[in-house]
Amino acid sequence: MLSVKDLVVSVGRGPDIVRNVSFRIEPGEILGLVGESGSGKSMTSLALMGLLPPTLSISGGSVMLDDTDITYLAPYQRVRRNCGRVAMIFQEPMTSLNPVLRVGDQIEEAVQVHDPDANASARARELLDLVRIPDAAHQLSAYPHELSGGMRQRVMIAIALACRPRVLIADEPTTALDVTVQRQVLGLIRELCDSLHMGVLFITHDLGVVAQLADRVAVMYAGELMETADVGPLFRAPLHPYTAGLMACLPNPESDDPIMATIPGSAPRPGEIPDGCPFAPRCDRASAPCRSGLVPLVHGAPGQSARCHFPLNERAGA
Amino acid sequence: MGRYVIRRTGAAIATLIAASIVIFAFIHLIPGDPVYVMLGDGATPDQVAALRDKMGLDEPLVAQYLIWAGNALQGDLGQSIFFETPVTQVILAGAETSILLALITMVWIIAFGVPVGILAAIRQGTMIDQGLSGLAMLLASVPTFWVGLYLILIFAAGLGWLPSSGYPSIFEQGGLANLSYLILPSLALAAPNAALILRLTRASMLDVAREDYVRTARAKGIRPSRVVLRHILRNALLAVVSAFGFTFAALISEAVVTETVFALPGVGRTVVQSIMRRDYPVIQGVILVIVCMFLVINLIVDLSYRLLDPRVELE
Amino acid sequence: MRQILMIWARPLALRPMTAIGIAFLLLIVVFAAASPWIAPYSPNEIDPVNRLLPPGGAHLLGTDHFGRDTFSRLVYGSRLALLIGVGVVTFALASGVPIGILSALYPTLGKVLMRMVDVLMSFPSLLLALGLIVILGQGVFNAILAIGLIYLTTTARIVYGVALRLKAEPYVEAARSAGAGPWWIITRHILPNMISPLLVQASFVFAFAQLGAASLDFLGLGAPPEIPSWGNMLAESRIYITRASWLLIWPGLMIVLTAFSLNLVGDALRDRMDPRFRKMVGK
């Protein structure tokens, strides 16, 4: 199981872009990490992978996988130390595959790293079957540009599975795909999560997708976690005004109001984040205590917590 | 692919035809009657008439071009005024020197520019990178003939290790040892061009390193050295290979100067001497041959680039 | 437009090398502007008694085979270097920019013009320049035209590429669909965005013009011998290299440092440029 504790990611000597983020992912569980673009969710995931770009670094906290500290290890170091793996699929299946190598070679390469004794090509075919790519034997010799977007994302999933991951990180894997293909890929991720008993960190800006797919949700804003909860309680009774604001922005087919709600103002940029609660300047419930000092952790339904002075649906004694 | 080969070859032929018209027009753009210019003012009317006749200058321009181009297609580039031999012979006489010079220079360029460019890219931002990038820019700012003169001063006149000028054919006495005559010239010629290839290699390595698929490769847990070799280098070199055509053109251009510095009996020096001698048919012929070679080499580079890059539709 | 000005006026966060390059270029400008006051001798003053003097004494950098003062000739040579650079850049931009922009705006015309540029580019650059000099004759002005012709092609290509990109920008398309004429588009949208790529290209062209002019001088097809130019100084001293090797150092260094400084400046400008166009400029 993956446990992230007080993770801080910063830009060189500059501002922190991920601050004190903590969460856990259990095997067979999908955690949806929701936030606007620039909220730090992608950087959180790259930090978990050990793939932060050279200008960024982890400056605090820890990432534990099955009781092994993997915080500062790049993927190849994790292979060398034989600890559990985290694998990742990315937003752009178009550019995430090497254009000059055949699909089969790219999968086999991952197989060889993680299963040195396996018959790489047989295993690659098995993986393509697993991600539901028809005519696997033939597709192995295709180049990425010969496949559709959905097929490419399936290949990416196959590569990730070749690493035999305990946790799969999916960074907006369906944003670049058509709606019908999106559903298929989401279905596949759910299925693999269940059948392989693998944890999934699903990153998205789309609360609708989270509602369909995730077991639990973490809401991120300006580099911090605002609220964590199981899917049901979160949608039924959000604690944090920001979560509630996001939900109000979802289109509601039953409403007659043609104008969709928005949250006033815009998210602060790293380095311009105010003291206290980062959401306070845009929050209609905010008052003096929100603008400085630490924000308390409040609890709602079992497993639900948020950082807010004036939560919406607090349940006393929870 | 087949259709691409045809289209690309067609474009090359069209460019060649247009270039040949420019080269043909050249002789008519020279102010004054080319025959008098070539023969000098003391020419007798008989000589003038004979040359006019030989060069077909009394025909209409279009007919002249067609005759000239037709002859060129059959390997007849006309007569040298100075040598009074066919231009093709004059070119062939310099071909060995020039081709060997270009090949040896290409070897230096690839042997130095590519690996050092890779080194600079791998060590991006370090002192090594800054030093190498600075060196590359310095080399690109140095006139080849100046480098050549210093090489002569140090290694030929000073240390006496290598010959300073001339080049006896490898088919004559001395055999392959005669290649030592080409070492200093090829080094001088390689300097600025190796610098360009170094910069290009470094830049395209860094470009590719930023690609998403390199991140995918790292995510797989592959060793960093293998990520560089298999995923970055391979894709980066595609861009470098496509620059070889232009490097070759630059080589030919600068060989004109280098061959003059080292008194090499090559085609480039022939051009310079023919300009002094007003031997226009030779100038025309050499330029036509060089343009032809340039187009063929670029065609080959382009087509092989397409073969190496599977993204192109293989019809 | 204001944005562009801000980019250039950004507090001069100069790398030390770039600063040295700019300082050297300023020195050349001072040399050129104040040659008669800086040079201790007339550049063409022949002194047969003091031929091939080594550096030191009355002649700071020695004398050549006519007894002319090397330092004075170097100082006067910077005039020609600047003239060639400014001339070639002006010619290349004044011809390449309209060709590139018109080709981008009018695709049919563009096909023809760009094909002609391709044809010119199939000639090795120095041979193209030599051919033009054979037609035009030798001289400083003709050398500028011949070298300028080489960089007409590269400039037109770059401008064409950048203009095509800009033409496809949503705000340009919006202006076109709102009925803006080509003149409006060129002056309002294309040229202002073209300034930084052109500045970069200009500094590289300026640098390579120095090398091209030096090559022409060396072949005896550039500036006439009576004009003191660094290339001519090298060409003339060539036969004395074993006897008077110092004659080779100074003019060569002037050429190298001028080209190097311009390349440094061009590189620094390019690093500040819009990343979309960065790859299109320079080699």
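Letters A, B and C name the chains as they come in the text, with residue numbers starting at 1 for each one.
Keep this in mind: a residue touches a chain if its C-beta (ideal position, glycine included) is under 8 Å from a C-beta of that chain, and two chains touch if they have at least 3 such contacts.
Nothing here was measured: the structure is a model prediction, and the numbers come from that model.
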Legend entry - Maximum inter-chain contact count - chain pair: B-C
Inset, instruction - Return the chain whose centre of C-alpha atoms lies at maximal distance from the corresponding centre of chain C. - result: A
Inset, instruction - Can you check how far apart chain A and chain C are, centre to centre, with Cα atoms defining each centre and the answer in Å? - result: 53
Legend entry - Whole-Å gap between the CA centroids of chain B and chain C: 22
Inset, instruction - Two or more other chains in contact with one residue: find those residues in chain B. - result: none
Inset, instruction - Identify all positions of chain C at which a residue touches two or more other chains, and write them in rising order. - result: none
Legend entry - Of all residues in chain B, those that touch chain C in their complex: 14-16, 18-19, 22, 26, 29-31, 134, 137-138, 140-146, 149-150, 152-153, 157, 196, 249-250, 252-254, 256-257, 260-261, 271-272, 275-276, 280, 283, 287, 290-291, 294-295
Legend entry - In the complex with chain B, residue positions of chain A that touch it: 49, 51, 74-76, 78-79, 85, 87-88, 90, 92, 95-101, 106, 109-110, 113-114, 143, 145, 156, 159-160, 162-163
Inset, instruction - Would you pull the chain B residues touching chain A in the complex into a rising list? - result: 211-213, 215-224, 230-231, 234-235, 238, 308-311
Legend entry - chain B partner contacts - residues on chain C that touch it in the complex: 17, 115-116, 118-120, 122-127, 130-131, 133-135, 137, 207, 211, 214-215, 218-221, 231, 234, 238, 241-242, 245, 248, 252, 255-257, 259-260, 263-264, 267, 283
